[in-house]
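Mind looking over this structure? Questions follow.
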Amino acid sequence: MTKDYSKAGKNWKDILHEIIFEADTPGGKVFDVILLIAIILSVVAVMLESVAKIKLEYGHVLYIAEWVFTILFTIEYVTRLLIVTRPFKYAISFLGIIDLLSVIPTYLSLIFVGAQSLLVIRSIRLLRVFRVFKLARFLGEASQLMSALKASRPKIIVFIGAVFTMVVILGTLMYLIEGGENGFTSIPKSIYWAVVTLTTVGYGDIAPQTVLGQGLATLIMILGYGIIAVPTGIVSAEMTRQKPYSPVSTQACPHCGAEGHDSDAAYCKKCGGHL
Amino acid sequence: MTKDYSKAGKNWKDILHEIIFEADTPGGKVFDVILLIAIILSVVAVMLESVAKIKLEYGHVLYIAEWVFTILFTIEYVTRLLIVTRPFKYAISFLGIIDLLSVIPTYLSLIFVGAQSLLVIRSIRLLRVFRVFKLARFLGEASQLMSALKASRPKIIVFIGAVFTMVVILGTLMYLIEGGENGFTSIPKSIYWAVVTLTTVGYGDIAPQTVLGQGLATLIMILGYGIIAVPTGIVSAEMTRQKPYSPVSTQACPHCGAEGHDSDAAYCKKCGGHL
Amino acid sequence: MTKDYSKAGKNWKDILHEIIFEADTPGGKVFDVILLIAIILSVVAVMLESVAKIKLEYGHVLYIAEWVFTILFTIEYVTRLLIVTRPFKYAISFLGIIDLLSVIPTYLSLIFVGAQSLLVIRSIRLLRVFRVFKLARFLGEASQLMSALKASRPKIIVFIGAVFTMVVILGTLMYLIEGGENGFTSIPKSIYWAVVTLTTVGYGDIAPQTVLGQGLATLIMILGYGIIAVPTGIVSAEMTRQKPYSPVSTQACPHCGAEGHDSDAAYCKKCGGHL
Amino acid sequence: MTKDYSKAGKNWKDILHEIIFEADTPGGKVFDVILLIAIILSVVAVMLESVAKIKLEYGHVLYIAEWVFTILFTIEYVTRLLIVTRPFKYAISFLGIIDLLSVIPTYLSLIFVGAQSLLVIRSIRLLRVFRVFKLARFLGEASQLMSALKASRPKIIVFIGAVFTMVVILGTLMYLIEGGENGFTSIPKSIYWAVVTLTTVGYGDIAPQTVLGQGLATLIMILGYGIIAVPTGIVSAEMTRQKPYSPVSTQACPHCGAEGHDSDAAYCKKCGGHL
């Protein structure tokens, strides 16, 4: 089948595929930039709607904008499903699911009335921002970053495990030293405080009052200040080892919509279809 | 003796040893996962007990859970002692002591009644979390991290010494500049503030009020922001120098229970017994 | 024309050019140091004027100082324009624009009276500080730093994009969890809080109060603590790859005033004029 | 003269020199450890004296301790001067000045009576802590750290200059946006706030209240979070380039007291005297 495809002339499906899925042609570039602007505008609209003063005055405008963007994104999603050779593969891919989740909440808000539940739905719609990164992936730099992070993943998991253990023990010690009257009302809250301190965030909503507590806090702070070196060292070493930049094609597979193929790749690495 | 052992057939001690001390066989894997879940559940129970509202309602359930976990861990500890060829070596090893400390507090709470003392005992039980890291050690990545940290230890000690000196001098200067009326009531408290500032934690419970104090604080902050580069540089350089990953065996010594042997090791590096 | 120039004897234009634009000759060095001190003094004067108590007492002295510095810098700007062979190229260069912006605000304050607007104008004058970096550029080290940052720019943009997306989603989640009664009054404000937390700044003006909110905050903090490793790793790797120091000439082009030429350069890399 | 010295037998001066200035012989080691403990105890005494409650109860004990330590350190300082071949060179060396400054304040407190002035004098005595680092210098690791920092000094100065400029401009902008009613009462105070934010310290004593102010704060935070990578990258690269550890002798020059000679050095690198 892949052979037939490569010999066949360009029909409307191929043209649409190039515009919607790829960024090589002028048409594809224009489509991607417009899509990007639409996503940003729709996210800004959701944000503004949450500001009480703005909602009071421009609530209806934002409501209309919400529906216009939802309908546009729905048309886009259906078109993507139609022009891909293997629609099911696209539908269950990460990008496919994100595309679907970007339009569902507004429709759901019609059935389930109520301000509180509606708000929860809106937040999921913000995942739409992820689509912006389609462009980033084309840069090749992102894939290099990813492979460096992937290579250092086991070390980072060990590190986070160690940090978690430290935080549990130090938080419990602090709970015993300071006690409820100084804000350390329970072990979970004291662990929350230990994380705030170890990561050098330091809100100051809970702070040690006793001499012993401040002594232990001093220790935790110096510890946190020092061990930040560990994840940094891991990633730095991995980055230094990385091979120089290898370009990644901006072409998406016409069969399943997978992206991130090497520039010299002839077949999709996900479904094996001819590119 | 080691020769006899290698020729002998597998008796119940060997089988139990493989299940409890190793993670190579299916039985060993299942045992380790169950143990891990039990440890996490018991730690969560201790945490929940510290929340006043939860203790009021589910206090008796948590009390029973505490005893069930303690008895299970006691049985496990005794079994470990029985099946190891050199029980004393295991008992005084780091893991052996942690295993013992994980069960003692609950028994001690029977003799020494009283809420306050009981709480102190509970915190030691949290060390049980360390057992979770048995799995991590198998990763080999942890040992690589450790050797990088060990190699950079002298440099880090020098760095921490320098930071400590800076903090003592800057804290005293701040005590003289700001004085008691602005919260800098004593030199130790001012040093505590200097650590909070230098490590970029910044609670804000104590903050300079005078112009001179804010000037010195600015200096300390930029200093702290800059010298974080030193430990990071040390560890990064060490990580970059590190040799690539060498696999570590998941097998534990049948004689003393020591772990972390190289995959091609035939004899225990701690007691010399045949693996 | 460039040939004629190189053969011609040194006239007053050449001498002034060497003093004002270069730092090789004794006269040039003296001029640069005096200019630097004048810039710092004028910036300090603007700062002091903003302190209510000082303005009340020394307001008129600072007003005179402001005018003296402005007139001096105006004379300097006009001289620069006169002695450069291609004045227009200098006027539209980055340094030329900064030089002009350093003197305009004081003149504008004569036409547009009013305290508030005057203040806005003063702040632009602070850009004058950038001139201080003329000296820094001569060090060659700055150019090395710049090239390392330039090489890692695409990776850093991808990273900042990822951080921005995370902050938008996490801020919205926090807005839904905590709600207006705990200070998270709108999505933009919650995103502001997420940035405060992820970057480990942690003011504490807004802090989560619910258990779920503190749980999510814990996650954001550990995330922020960990991903700081990414930009650090990028720049570290780039710096390690950097070639050793190559000296940069302190000579400026006599035609367009461009700086930062290599020490063996014979022609301006910006306008092609003979150096 | 150096030839005569190397041939001569060991007199009391040589023996005392070995004990006081070197850490190779058992006598020298014992002396150094006792000195270290005495310094720490005297610093702790100064710290405790600053705590109001402790001073009230143990004030006279601490007063006696202060004098005992001062007399001991004075004897030590005079002995050092007597046994060194070139006493003036030692007296004006960094360590010599620190040794003198460690004893002067107590004597000065006899002439200039008054609590406030006495406090200022005490803080200088804390510089005594620097003597602790004599031991650190012997480690050779400290000298390696120092050479890495020295090599990256010009880059770090450029970086701090850039940070300073950013902080001045951003602080002024914030002063104009937020104004006095939100705590940004003057440009210097706003610059203080900008440093608190850029270095990710974040006290929270001053925090932006307007939407525009919070927007700019968000930018400063992300900037501060990102540019921490620059000093870290500089030091990491320098550390990676560093040659492996070269041992440093613990022997001090018998003529001028200089330390840190290479283990194969035969003559003092400071005064040329035979070691």
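Labels for the chains are A, B, C and D, by order of writing; each one numbers its residues from 1.
As a convention for this text, a residue touches a chain if its C-beta (ideal position, glycine included) is under 8 Å from a C-beta of that chain, and two chains touch if they have at least 3 such contacts.
Note that the structure is a prediction, hence the values are computed from the model and not measured.
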Centroid comparison with chain A (C-alpha atoms), farthest chain: D
Repeat of interface B-D, chosen from B-C, A-B or A-D - more than half of residue-number contact pairs shared: A-B
Distance from chain D to chain A - Cα centre to Cα centre, in angstrom: 46
Length of the line joining the C-alpha centres of chain A and chain C, rounded to whole Å: 32
Two or more partner chains touched - positions in chain B: 159, 188, 191, 200-204, 224, 228, 232, 234, 236, 240
Chain C residues within the chain D interface of the complex: 43, 46-47, 50-52, 119-120, 122-123, 126-127, 129-130, 132-133, 136, 139, 141-142, 144-145, 148-149, 156, 159-160, 163, 188-189, 191-192, 195-196, 198-205, 224, 228, 231-232, 234-236, 238-240, 242
Interfacial residue positions of chain D with respect to chain A in the complex: 200-204, 232, 236, 240
List of chain D residues in touch with chain C within their complex: 154-155, 158-159, 161-162, 165, 168-169, 172-173, 175-176, 180, 185-188, 191, 197, 200-204, 207, 211, 214-215, 217-218, 221-222, 224-226, 228-230, 232-234, 236-237, 240-241
